Amino acid sequence: MPNAIYIALIPLLPLAGFLLLGLFGRRIFKNNSGVIGTLLMMCATIISLYVAYGYFFEYGKVNGVYQKLIPFKYAWLVFSKDLSIDMGITLDPISVMMLVVVTFISLMVHVFSLAYMKGEERFSTFYAFLSLFTFSMLGLVISSNIFQIYIFWELVGVSSFLLIGYYYDRPSAVAASKKAFIVTRFADLGFLIGILVLSFYSGTLDFNELISRLTAPGSDQLKAAVTSSFMGISAITWGTFLIFIGGAGKSAMFPLHVWLPDAMEGPTPVSALIHAATMVVAGVYLVARLFPVFAMAAPDSLQIVAYVGAVSALLAAVIACTQTDIKRVLAYSTMSQIGYMMFALGVAKYGGENGLGYTASMFHLFTHAMFKALLFLCAGAVIHFVHSNEMADMGGLRKKLPVTHIAFLIACLSIAGIPPFSGFFSKEEILLAAWQQNRTIYWIGLITSGMTAFYMFRLYFSIFWNRDFNDHHSAHNHHGEGGGLITIPLIILAIGSIVSGFIPFGNFVSSDGSRLATGFHASFSIMPVSIGVIGILIAGWLYKKQSDKPDKISSSLNGLYKTAYHKFYIDEIYLFITKKILFNLVGRPAAWFDRNVVDGLVNFTGNTTQVISEKIKGIQSGKVQQYAIYFLIGAIGLAALIIYW
Amino acid sequence: MNLSVLLLVPTLTAIAILLARNANQSRWIAFAGSAIQFGLAFALLYAFSHERTNGNYEQMLFVQQYNWFPAWNISYHIGVDGIAVAMILLTAFIVIAGVLVSWNVIYRTKEFYFLLILLSAGAYGFFLSLDLFILFFFLEVAVIPKYLLIGIWGSGKKEYSANKLALMLMGGSALVLVGLLGMYFSSGHEKTFDVLRLAQLHIPIDVQRIFFPLLFIGFGVFTALFPFHTWVPDGHSSAPTAGSMFLAGISMKLGSYGCLRVATWLMPDAAKEYAPIVILLSAIAILYGAFATMMQKDLKYINAYSSVSHCGFILLGIGMLTKTAITGAVMQMVSHGLMTALFFAVIGMIYERTHTRNVSEMGGLMKVMPFISTIFFIAGFCSLGLPGFSGFVAEMTIFMGSWQNTGLFYRVATVAACMSIVVTAVYILRAIGQTVMGPIKNQDYLQLKDAKWNEKLAAIILILGIIAIGVAPFWLNDLVRPGAEIIMQRIVK
Amino acid sequence: MQPGLNQILFISTALFFIGVYGFFTRRNLVTILMSVELVLNSVNLNFIAFNKYLWPNRLDGVFFTVFIIAIAAAEAAVAIAIIINLYRNHQSIDVEKAEEMKY
Amino acid sequence: MSEFFILMKSELVITFIIFLLLFIKIGKGMKNELLLQWIQILLLANCFVGFIDNRDGVLFDGMFHTSGLIAFEKNILSLGTYLISLLCVDWLKKTPHLPEFFILMLSALLGMFLMISSGSLLIFFLSLELSTIPVAALANFDLDKKISSEAAMKMILSSAFSSGVLLFGISLVYGATGTIGFASLPSHLDGGTLQILAFTFLFTAFAFKLSVVPFHLWTADVYEGAPIAVTSFLSVISKGSIAFIFISTLYKPFQALHPAWNNMLVIVAICTMIIGNLFAIRQQNIKRFLAFSSIAQVGFILVGMTANNISGNSSVVYFVLVYTFSNLAAFGVAAVISENAGKENIDDYKGLYQTNPFLSWIMAIALFSLAGIPPTAGFFGKLFLLTAGASAGNYWFIIIAALNMIISLYYYLRVIRAMFMDKNDEPIVRVKNNPMVSFALIICAVGILLVGLLSWIYEYIQSLA
C-alpha cells in the first residue's frame, strides 16, 4: 500500500501554490510567482510519476488485475450512516494515468507560460489560478466519492471561469467566461440530480460501494433502481444519463459544446491545459469512472453516450473545416476528439475483449492530451509572434518559427492518425472497437477521421505555408520564436506525441483491470490511414499555395458552408432560449409579478386602509347631536344584537 | 458557561454607547463589545463541544431558568443546543463585521451603533430562549431598530421601505403571537410557554392544524416566505450597509429558526400535514426569487431577491422533514447569513465609492479596487454554491435530505430547487461580469481607493467563517445534526 | 281607571324619547339642555313608579330620584356656565355654530 | 370610627386638599408658582398616603367598599394626577385660576375614587357625575379659545345625554331586580330580556366614558379643544378609573350576564380597535392623534376584559398602569412643545430630534410603549391583555386584535418618522427643559422601561386581584 501522505501532496502542492500566490503573489513574490508555481508543479509531477511507477509496476497489480486502492479516506460531511461525502484518494489505472497527464501537461504549461505570460500585469494571479485549476483537476481524478468528484468538478469549472476571464477587461472574455460557467453549470445540474438518484438507490456515495451495489446482479439496490421508473425509463438509466449530461457539459459534447470555442478567449496556455488536455476530458473520465454501472446496469445510457460522442465528433469536424480563428479550429478539433473518446466508451462493454473501447478511449485521452496540448502551445507561440488569431494574418511562418513548425507538424500528423505518431494508435483502437460493436458509429468515426486530417492540415498549411509572411502586423516586434522556455515544452511534448503511441496501453488500462492484449491490425488500418492521407492531400492542394480554390469550393457549397461557418446556429438557438424565453418569458414576468402583484397587494392593503380611513371620516362630523344619535343607535343596536342573536 | 453573559454583554455595550462622549468612542465601544461577544461565541462553541465530548447529551446545555412572571408561568429560561450555538456564532460574526463596515457612519454615529447593538441583543436573546414568551419578546425587540436603521440612515425611498418592513414584520409577529397563545392554552392543565415542556406534550392535532399555519407564516414573513417576502427587496435596498447585513444575516434567520424550533418542533403532526404546502411555497420562492433576481439592475436588489431564493432553501429543508434536510436548513441559515452579509458589505463598499448601485453604470472595478472585487467574487461564488464555500455544503445537504423523500411531488420540488443553482449562476455572473469585470465605463472610477482596514477586517472575518464551513463542514454538521435529530424524533413519532 | 305601572312607564318612556328627540333636533343649546332635563325626569318617573308598584317596601327609587334632581341641577349649572362662555367666544348659542373640530 | 378614616383615607386626603385650596381662594391670593409647588407637594403626599395601611373593608352598609386592589388602583390615579401637575407646569403657571383648576380636577379625582369604591349603582352614578362635570368645566379652562369652549360644550352635553341613558338603564335595573346594591344584584339577575336591555344602557355609560366605539365621538373633539393638562387627565386618569370600575362591575355584580356582556365586549372591542386605528391614521393634531390612539388602546383593554378571570382583571389594571406612564409621557412632550413652540401638529414635529433629542427619545419610548414594542412595558401590558383575552378561547378575536397592532404601529411610526427621519429646515426650536418637567418625563420613561421588566409589579397586582 502506498503512503497516502505523498499522494495527497500531489494535489496539495498546487493548492499551496494557489494560496501562496493568491494571498501574497501581488505583494511579495511578484515576478517570481511563476517560478514558485512551476517549482511546486515540478515536485507534484515528480511525485505523480513516482506514484505511477509504483502503482503500475509494484503494488498496483494483484493476481494480474489492477486493484482499486484507497490509501486515504476522510468523512468530510456525514449525512447518515451510509451516506457521506468523503474526501479520499483512489488509485486505479485511470486515476493514476490522469495524475500523470494532468501534472505533466500542467508542468509544461507552467513552463511555457513563464515566457508567454511574462510582463502581464496579473502575472502572479495567473499562476495562482493555474495552480488552483491543477489542484482541482488532481482532486477530481483521485476522487473516491461521487460527491467528491462533484466538488472538484465545480472547482475546475470555476478555475476555468477565472482563467477564461483572465483578461477581465475584454468584454468578449467576460462573456466567454460567463458562458462557459453557465453552460457547464447547467450540465452540472444534471450531474447533481444524477448523483441524487444514484445515491438514493444505491444508498451510498462511495464509488466502490456504489459500483459494486449497482452492478452486482440481484442486489436489492440494483433491483430497486431498475424496477422503479419515471416516464417509462428506469431510475438507473435516468441516473446514469443525468450524470452523463454533467460529463457532456464539461467535455463540450453536442449540444452543450457551445462554450468551448468561446473559451478560447482565455490565454493560450490555459486553453492548452484546460480546454484541450485535461478539464474537457473530465466528462470522459467521469463516464469511465462509472463505466461498470453504465455498461452493466444502464446499457441504454451507454448507447446515448456513444451516439452523442459520434455526433459531436462529426459535427465539430464539419465546423472546424470552416473556421478561420486558429484557436477555434483547435477547439472544435478538441471537441471532435473528445467525441471519439466518448463513443469509444459508448461502444465498449465491461470486461475482456469487448472492453476494447474503454482502453481505446483512455488511450486516446492520453495521446490526445499530448498532441493537443502541443498544438495549443504551438498556436500560442504563433499567436505570440503574429499577435493575431486569424489565419488570414498568418502564412509562411515555417522559417520564422522552425521549432514550432516541426512540433506543429508532428502534432498534426499525430491527430490525423498517420503512423507512427501516437494518434494513429489510439484512433485505430477506437475505430476497431467501433467496428466490432457498432458499424454506424464506425463510419461516422471514419469520416470524421478524414475531415480531421483535412482541417488540421488546412491549419498547418495556412499558418506555415500558403504565402510569405509579411511583417506588417509586428513590424515593431522582432522577438523571434522566444527562448527555451517556449521551445522546450514544445520539444518535450512533440517527443511525447511521437512516443506515447507505443505504450502498450491495454496492459495497464482496461475496463476490468486485467490485461487486455491490443495488437496492430495492419489490414484494418489501411482504410483509416488512407482516408487520413487523402484529407492531408486535399488540404495541401487547397492551402499550400495561396489560391482562390478554397473560396470557390466554399461558395459552391454555399448553404452547407454557411451553416457550418455559423456553427449550425446552435449559439443562436441558445441565445433565443435564454434571452427570449428565460429572460423575457420567465424572468421579466416574475420580476413584474413581484413588483406589481405581490408587492401591489401589500401596497393595496396599505392604500385601502388609508382610503377607508378617509371615507369614514364623516362619522366624526363635529356635530354633538349626531354624536348622540350614533350613541343611541349604538346602544339600541347593541341591545338588539345581544337579545335577538 | 453562563449564557446570560451573552445577553449582558450586548446590553451593557448598548448602554455604554449611549454614555459615550463622541462618535469615535461609540465606535470603539461597539467594536470592543462585539469583539468580546465574538470571543464569547467561540467560548460557547468550545464549552458546548467540550460538554458533548464529555458525554453530556442533554438536549439543551447550560440551561438557566428563573421564574419571571409566575402568574403566567413565564420564565426566563435559556439554554442552547447545537443549532442555537450555530446561530449565535453566526450572529457574532455578522455583528462584528457590521460594526466594522459602519466605521464611516458619521451621521448620528452613537445612535447608529446603539441600534445595531440593540438589534444584536434581540437576536442573541431569541436564539437563546427556551421560553416562548421571551422568544417573542426578543423577536420584537429586533424589529424597531431595523425600522430606525433603515429610516434614518437608509437611502432611496427609505421611509417607505422602513414602514413596509416594520409593518410586515409586525404582522408576522402578530400571527406568531396568536400561534404562541394557542399553544400556551392547549398545553394542558398547567399552561406553559416552556419550549422543553411543550416539546414533550402532545398538542391535539386539531389545535395544531389551526396554529401551525399561523406560526409558520408568522415566522415565514421574517424569513421571506413566498408570498410574504416583499419587504425584503425594498428593505434591503434602502437599508444602510450594516442594516442590510443584519437584516439578511440575522433577522431573516430569526424567522427560519422560529419556523424550525417553534412551529415544526412543537407541532410535528401539523408540520407533517402542511409539509407539501411549505415545500410548494419554498420551491416557488427559490425559483421565482432566482428568476426575479435575473432582471434586477440594482446590486442590492439583486442580493435581496437572491436572499428570497436562498431563504427558500431553508424553508424547503424544513418542509422536507428529514434529518439531513433539516441539518441542511440550519447550515443554510448560517451559510446564507455569512454570505449575504459579505455580499451586502461589499455592495456597501462599492456604493460608498461609486455612489451608484446600478450594475450597468459600473464595470472594471477589478482594476481600481482589486481587494473589494475579490470579495465580490468570493461572495458571488459562495452565493452560487461553489464548493469550498459554505453555500455549497448547505445546499447539497438540503438536496441530499430532500431526495430522501420519495414521491413525485417531493422529487419535482427538489429538482426545481436544484435548477435554481443554474439561475443563480446566471445572475451572479451577470452581476460580477458587469461590475468588477469588463472595461471601466466611468473614467472617474480610476481615482477610487481600495478597501480600508476596517472594511478589510470585516470582509476577512466573514470570509473566514464562510471558508471554515465550506472547507471543513464536519464541525458544523456535528454541531447541528443532533439538534435536527431531536426535532426529527418528534416528527417520526 | 286607576293608572297602573304600565301607563306610567308608557308616559315615562314617551317622555324619554321626547327628550331624546329634542336633544337631537334643537339648535339652541339651552333647549338642548332642557331636553336632557326631560330625559332625566322620565327616569325619575320610572324610579318612582317602580318603587311604588314593584318594590314598595324599599325606598331606593325615591332616594335615587332625589339625587338625580340634585345632580341635574348641578349639571345644568355647569352646562349653563359653559354655554355662557361659549356665547362669549362665538356670539351665539346655536349648536351648529360650534362645529369647528371634526374628522 | 378609625376604620372609617383608614378605609376612606384617599378620599379624605383629597377632600382635605380641596378644602385647603378653597380657603386659599377665599383668603389672600398666593403666587401661582408657590401655590403650584405646594399643590405638587400635597399631591405627592397623597401618593404616599395611598400606600399606608391598605385593607379590605366595607362602609355605609355596602355603599362603599375598598380592598388592596382598589387602593392600588387609586394609587395609580394619584400618581397620574401628580405627574400631570408636574408635566403641565408651564401651562399651569400661566393659568389665572390655578386654585379652581385644581379644585375641579381633584373633585373629579375624588369622584373617581368614590366610583372605584362604589358599592351601589346610586353611589356609582353620583361619583360618575362628580368625576365628569368638573372635567367638563376644566375643558373650558382656556377661556378665550373657541375650541376650548366648544370642547366643554360637547363634553357636557354628551355626558348629560349619556347620564340620561345610564339612568334610564339603572331605573330599568331597579325595576327588574328591585335592588341597586352591587352585593345583592347577582342574586336577582337571571339574564332576562329586560335585564339585558337595562344592562346594555348601563354598559353604554361605561362605554361612553371609556370612549368605546360607537360611543366615542366626543373624545377626539374634547381632547383637541381642551388644554393639554385636561386632555391628559381625561385620557389617562379618567379612562383608567372607568376601566377599573367597568371591569369590577362586569366581573362581580353582573357576572350573571356574562354571555351577554362578553358578546358585547367582543363586538365593541373589534369596532373600537378598528375605528380608533383608522381615524388615528389620518390625524394631524397630536392631541387628536393621541385621542384616537387611546381609543384604540381601549379596544385592547376590552380584549383583556373578555377573559372573565383574575388574569383579566390584573392584566387590565396592569395595562392601565403602563398606559398611564406611556400616555402621560406622550402628552407631557406634547405639552412642552405646545407651550413653548405653540405647535401641535405632527408635521411640526419634523426634525425634532435635531433640536430636542431628549424630548424625542421620551416621545419615542412612549409611542413604542403604546405600540407594544419590547422592551417597553407596553409590550407586556398588551401581551398580557391578549393572553388574558385568548384564555377565553376566541382566537379570531385575538387575531383581529393582533392585526390591529400593525395599523397602530403604522401611525405611531408616523410620529417617530417625523421626529427622527424627516428633514426640516425650521424645526421646533430648542426647548429649555424645565427641571420639573424633565423629572416627570424621566419618571415616566423609567416607569415605561421598568414596569414590564420588573415582574413583581405584575405579580403584586395579580396577588391583589
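For clarity, chains are labelled A, B, C and D in written order, and residue numbers in each chain start from 1.
Definition applied: a contact is a pair of C-beta atoms (placed from the backbone, for glycine too) under 8 Å apart; a residue touches a chain by one contact, two chains touch by 3 or more.
Here the structure is a predicted model, which means the values were calculated and not measured.
Colleague: For the interfaces A-D and A-B, which has the higher count of C-beta pairs in contact?
Modeller: Answer by contact count: A-B.
Colleague: Which chain is in the middle, if each chain's centre is the mean of its C-alpha atoms?
Modeller: Ranked by how close its C-alpha centre lies to the overall one, first comes B.
Colleague: I'd like the Å distance between the centres of chain A and chain D, where a centre is the mean of that chain's Cα atoms.
Modeller: 77
Colleague: Indicate the whole-number Å distance between the mean C-alpha point of chain A and the mean C-alpha point of chain B.
Modeller: The separation of the two C-alpha centroids amounts to 36 Å.
Colleague: Could you grab the centroid distance between chain C and chain D? Build each centroid from C-alpha atoms only and quote it in angstrom.
Modeller: That pair's centroid distance is 27 Å.
Colleague: Indicate the whole-number Å distance between the mean C-alpha point of chain B and the mean C-alpha point of chain C.
Modeller: It comes to 65 Å between the two C-alpha centres.
Colleague: Of all residues in chain D, which are in touch with two or more distinct other chains?
Modeller: Within chain D, the residues that touch at least two other chains are 153-154, 157, 161, 165, 220-221, 282, 410.
Colleague: Could you list which residues of chain A touch at least two other chains?
Modeller: Residues 606, 617, 620, 622, 624, 628, 632.
Colleague: If you look at chain B, which of its residues touch at least two other chains?
Modeller: Within chain B, the residues that touch at least two other chains are 167.
Colleague: Going by the touch definition at the top, which pairs of chains touch each other?
Modeller: By the stated definition, chains touch in these pairs: A-B, A-C, A-D, B-D, C-D.
Colleague: Going by the contact rule at the top, pick out the chain D residues touching chain A in the complex.
Modeller: 153-154, 157-158, 161-162, 165, 193, 196-197, 200-201, 203-204, 207-208, 213-215, 217-218, 220-221, 260, 263-264, 267-268, 275, 278-279, 281-282, 407, 410
Colleague: Contact residues on chain C for chain A in the complex?
Modeller: Spelled out, the residues of chain C in touch with chain A are 20, 23-25, 32, 95-96, 98-103.
Colleague: Residue numbers of chain B touching chain A in their complex, please.
Modeller: Listed in rising order, the residues are 164, 167-168, 226-227, 229-231, 233-234, 288, 291-292, 294-296, 305, 323-324, 364, 366-367, 370, 381, 384-388, 392-393, 396-397, 399-401, 403-404, 408, 414-415, 418-419, 421-422, 425-426, 429-430, 433, 436-440, 472-474, 477, 481.
Colleague: Under the definition above, what is the set of chain C residues touching chain D in their complex?
Modeller: Chain C residues touching chain D: 16, 19-20, 23, 29, 32-33, 36, 39-40, 42-43, 46-47, 49-51, 54-55, 58, 60-61, 63-64, 67-68, 71, 74-75, 78-79, 81-83, 85-86, 88-90, 95, 98-103.
Colleague: Give the list of chain A residues in touch with chain D in this complex.
Modeller: By the definition above, chain A touches chain D via 606, 609-610, 612-614, 616-617, 619-620, 622, 624, 626-628, 630-635, 638-639, 641-643, 645.
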